[in-house]
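Each structure below is given as structure tokens.
Common to both upcoming complexes is chain A, partnered first by chain B, then by chain C.
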Partner chain A sequence: MDKTVNQKAWFLVLPVFLVVAFSAVLPLMTVVNYSMQDTFGNNQFFWNGVGWFKELLDPSTDLGGRFLASLGRNLFFSMVILAIEVPLGIVVALSMPREGWTVAACLIILALPLLIPWNVVGTIWQIFGRPDIGLLGYVLNAIGIDYNYVSNEVDAWVTVIVMDVWHWTSLVALLCYAGLKSIPDAYYQAAQIDGASRWAVFKAIQLPKMNRVLLIAVLLRFMDSFMIYTEPFVVTGGGPGNSTTFVSIELVKIALGQFDLGKAAALSLVYNLIILIVCWVFYTVMTNAGVERKVQASSEPAAEPKPSAALKPVPALKPKEGVA
Partner chain B sequence: MHSIPGRRLIMGLFLVFLLLPIYWLVNMSFKTNAEIVSTMTLWPHTPTLQHYKRIFTDESWYSGYINSLEYVVLNTIISISVALPAAYAFSRYRFLGDKHLFFWLLSNRMAPAAVYALPFFNLYSAIGLFDTPWAVALAHCIFNVPLAVWILEGFVSGVPREIDETAFLDGYSFPRFFIKILVPLIASGIGVAAFFCFMFSWVELLLARTLTSVQAKPIAAIMTRTVSAAGMDWGLLAAAGVLTIIPGALVIWFVRNYIARGFALGRV
Partner chain C sequence: MARIDLVDLAHSYGGNDAPQESFALKPVTMTWRQGGAYALLGPSGCGKTTLLNVISGIITPSRGKILFDGVDITPLSTQKRNIAQVFQFPVIYDTMTVGQNLAFPLKNRGVPKADIDRRVAEIGRLLDLEPYLNRKATRLTADAKQKISLGRGLVRNDVAAVLFDEPLTVIDPELKWQLRSKLKALHRELDLTMIYVTHDQTEALTFADTVVVMHDGRVVQSGTPAELFDKPAHTFVGYFIGSPGMNILPAEVRGREAVIDGHVIALNRAYDKLPAGAKIEIGVRPEFVEAVAPGPGLLTAKIERIDDLGRIRFARTRLGDAKLAARAPAGFAGSDGSAGLKFDPSHVHVYADSLLVEGAA
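Moving on, here comes the complex of A and B:
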């Protein structure tokens, strides 16, 4: 479907542009303004040029050290949760029931953690993990594991990661499930005729079909985990020490805690820039995938007759329309 | 056809993993504080409704839910009404800077809330909206409007272009076509987009907390503040938490068939 060129379409987009520009461009200009200045309170500002940026990227200074440390922690956190959530989400999506009321029940339970306010997610795990009143902490300590997320760094990390897996694996699973459902039954039937193994079906049919949604899942999860704030803040408050202080927590500490506007603004800009780059990669890959899909779709009718012709002699396999 | 061996076991274990922490919260909300602190019980031995009663009778508590719902609903209405025409434009037309605009919108969906907390505080204080539901509703537009545009664009693209052309040939004006024909056709898409706006506005805390102080304080902020001030009233905290889960659980029922598609930004 080719789009027609119509500059009047701008009138339709204008409301969105105004609303988002009001919320995005104006505040961002404030940030740029602050990032170049220093303040001694009383609303007196002094020109500081790129001073904050230099300090920010130099690990020997206090600001730079804190920023780079939290950035490192944040990247490590994102990698770990991606390594857990993506495979687990695929497995869960493959384990979804085929039909009946259990499908709806599973979908609703899966979506439940996604709809809980983030601070309540923190509260749930804060309570759940406490050795004195929480089931998890109590059981772990009862079977002889010395677990305390308030004082032990490793335990704090494990808690934050398990919490994120609990909170967001469902997103990956739901996306994969949507991808799996778009696979026509004929593909599976053809595979069965060829005597393909379970693993071969996964590798040759399911994984390629899930490519696109998996991409969305990975990038959404990367970016959301990269700006995580509320949940670890509620559970560990960034501690013990600074061990679970991620970039957003550090930024809020500097901006709203110490009211160090210049430093906070410089950090914000660098932070935003990183997100913007990742976002650009995401967007480019997505639009390319969209083009590929269109090409695929237009070439599909030619390829289609083969599997369906091969199917005819097998009446035992009836297509399950009810699944979709 | 797309299942794996042992799927019932895997699914069962995963659902238990998801439900156990929630069960613990619910369990705790029905216990007295004495029971919570003194013994480890798997279900409330002396069930009580005192925590819920306190929330529903104490205005400083239940007003938090009203405040939260107020800005969430405002935000959903604003987001959907500005996103609808834009989604149509992105789906049907090519215009100067459309791709850049689309990318710019996406980048705002991904921008960390922490970056905007302070400038928003300045901005809304300056225009006198600080501590009103409008401030939070407008602030949440930064990630909800792009999301709504994305989801709706996916749904509008699913409507055949021939329908537009036929309607215009029949003499429909653009606004009339939009309201009489297009909106009913993508009603489910609007429902899904509204659901996601509702959800993301409901779960967000950082901006909501920064932009309010007394009048419009959301329930999430009341939970963090009151509890730390009055020591740890675990039962009350748990009850407040349970009550925040309910609106999400209710709306989820209506969109259960579209959830997955919505999370894929309408692009499955």
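Moving on, here comes the complex of A and C:
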């Protein structure tokens, strides 16, 4: 291949490089800088090397203990809400009408929770769940269920999970609905002719045709739930005790509560890296499932664009720096 | 396998109260015999797909009944109807292998595994899909996918009929020919009733032993290709089948004579009882009109051009406002721009309001 090499072309990349440098690289580097130092206020910094990182990953230290505990809580939370929201979203999408005015009505009703700002959602549930004046809390207690999210860890968890399901199942449902709508009628007609049961139609047609949107739904919901801050902070404030303290809440406590910028910076870098890695693994695993199928079927090399995998989760960087 | 009877069957997407002129399928009563190869032929939007979907149960007819072997199955769902249908565009179950795709209709009906395997192997062999049976069905070419769809339609050997809805639209012309011959061979081999919807007359005439022509929601004629060619029951059939189509000319018909522009054309039969006030036309295929040098007693037409189709030449002529195609014998050049037309009386038909009138011998 004779390609003309023109080094001047690099200048064309320069504007993008500058924008990315100022918007992402430089802020990130400040965080890296902080993570290597300790400060006692007054803008005095002392070199600490990888000390914070060592501490962070060592459960016997205070920092490490808090970080790993909150990380565990966070992963458990993400798994629970994914396990609820994805199947529930599929069920909701499947039971939505296909045509007529009810479609618009359903879409609007489903979209409503998505339009409410995070802290408003938190406030709604905070009041809704209060045993003294909240409708939910009052009714539950009235019918004999001892429910109090302020004092009971399980109740706090249930509240936070139900709140997230209420807030975000719509997103999964809407994505699935879009996937379902794109299936041509002929598939359903053919399945009818082939005598397929409702379950067979779901397994053979609807689920495979939805797998792209489901991938997006899982990625979005994982990233969002792993970075969750506002809602649990408003409802439980991370309590009772530390039982609903997720990584981001811990991070804010360290950064703004204790003003330990070094520890917070180290934590936020690790936090960030975990999200990147998990998203990358998710993405590769789920796209590879499709690629294998194609390679097997055609024997021609299926060149799936991999680089985009690394780019996809980058938006996750931004909110993190804001927190740090 | 069954005989299928349609009894006063009609369908309107606007409901039964809509005026009958707007019905997508106007009332039809007819019989499809067991084991026949039928083609449902007509232009786009003539109601052929509606009729097919009514038979398969995808659409519930707004009026009338469908009988399979005399049993009314109109209220039954598609699943319970025991019918197979192949659609215009390939439908493939993405997650399954080709073999699983073929087995799907049988598996859903609880057929024993051994029977499924035998059937799938047989259909795979008939459709040349054997090398692919264990491959995933996605990423195959469009025609391989459509073969799978065809296979799913043919895999059940107990179906009342297999319906094809323009199944070869997505296939390359070369393969189209092969697949059509294959279908024809399969029809002989499997002894299934097949109904094949198409708007392509070549496809219809080569596939079917009975061609059902539809026009504007109505079944206008059903017969063998030869019948459709020799004796079109409706001017539309004459015009739609054959290339070029039948010449339709307004004429005055009295007894054994038709008069066009004062010229008398002899007819083989007597037409004395033509309905009063009807629009009377004569129809004659270009193959049975000969263009010769103008002469006395011959209807003279202006030649617009002569089409050479290789095997045969047609003179495209004009008679007043009407166009007429006529066979141009070898040696006829029409160099003076006009031609005399010689009609073959035994192939001149008379139509009243577009419908064929049978004359008296």
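The rule is simple: the second predicted complex is superposed on the first by the 257 of 324 C-alpha atoms of A that agree within 3 Å, B and C clash if a C-alpha of one lies under 4 Å from a C-alpha of the other, contacts with A are read in each partner's own complex, and residues count from 1 in each chain.
One rule holds in what follows: a residue touches a chain if its C-beta (ideal position, glycine included) is under 8 Å from a C-beta of that chain, and two chains touch if they have at least 3 such contacts.
Since the structure is predicted, the reported quantities are computational estimates derived from the model, not experimental observations.
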Quick one: name whichever of chain B and chain C touches more residues of chain A.
-> B
Which superposed partner A:208 touches (first chain B, second chain C, both, neither) = second
Regarding the shared-chain residue A:279, is it in contact with chain B (first), chain C (second), both, or neither?
-> first
After superposition on the shared chain, which partner residues are touched by A:186: those of chain B (first), chain C (second), both, or neither?
-> second
Classify the contacts of A:138 with the two partner chains as first (chain B alone), second (chain C alone), both, or neither.
-> first
Looking at the overlay, does A:197 come into contact with chain B only (first), chain C only (second), both, or neither?
-> second
Using the superposition on chain A described above, determine whether A:83 touches chain B (first), chain C (second), both, or neither.
-> neither
In the complex, chain B touches chain A at residues 1-8, 10-11, 14-15, 17-22, 24-25, 28, 36-37, 40, 42, 78, 81-83, 85-86, 88-90, 92-96, 98-99, 101-108, 110-120, 122-123, 138-139, 141-142, 145-146, 149, 157, 161, 199, 202-206, 210, 219-220, 223-224, 234, 237-238, 241, 244-245, 248-249, 251-253, 256-257, 259-261, 263-265, 267-268
Can you check the complex and tell me which residues of chain A touch chain C?
-> 184, 186-187, 189-190, 192-197, 200, 203-205, 207-209, 293-294, 296-298
List of chain A residues in touch with chain B within their complex | 1, 3-10, 12-13, 15-17, 19-20, 22-24, 26-28, 30-31, 88, 91-92, 94-98, 104, 106-120, 123-125, 127-128, 132-136, 138, 166, 169-171, 174-175, 177-183, 185, 188, 198, 202, 206, 212-213, 216, 223, 226-227, 229-230, 234, 247-249, 251-252, 255-256, 261, 264-265, 268, 271-272, 275-276, 278-280, 282-283, 286-287, 290, 320, 323
Where on chain C does chain A make contact in their complex?
-> 53, 56-58, 77-79, 83-85, 87-89, 91, 93-96, 104-105, 108-109, 135-140, 149, 152-153
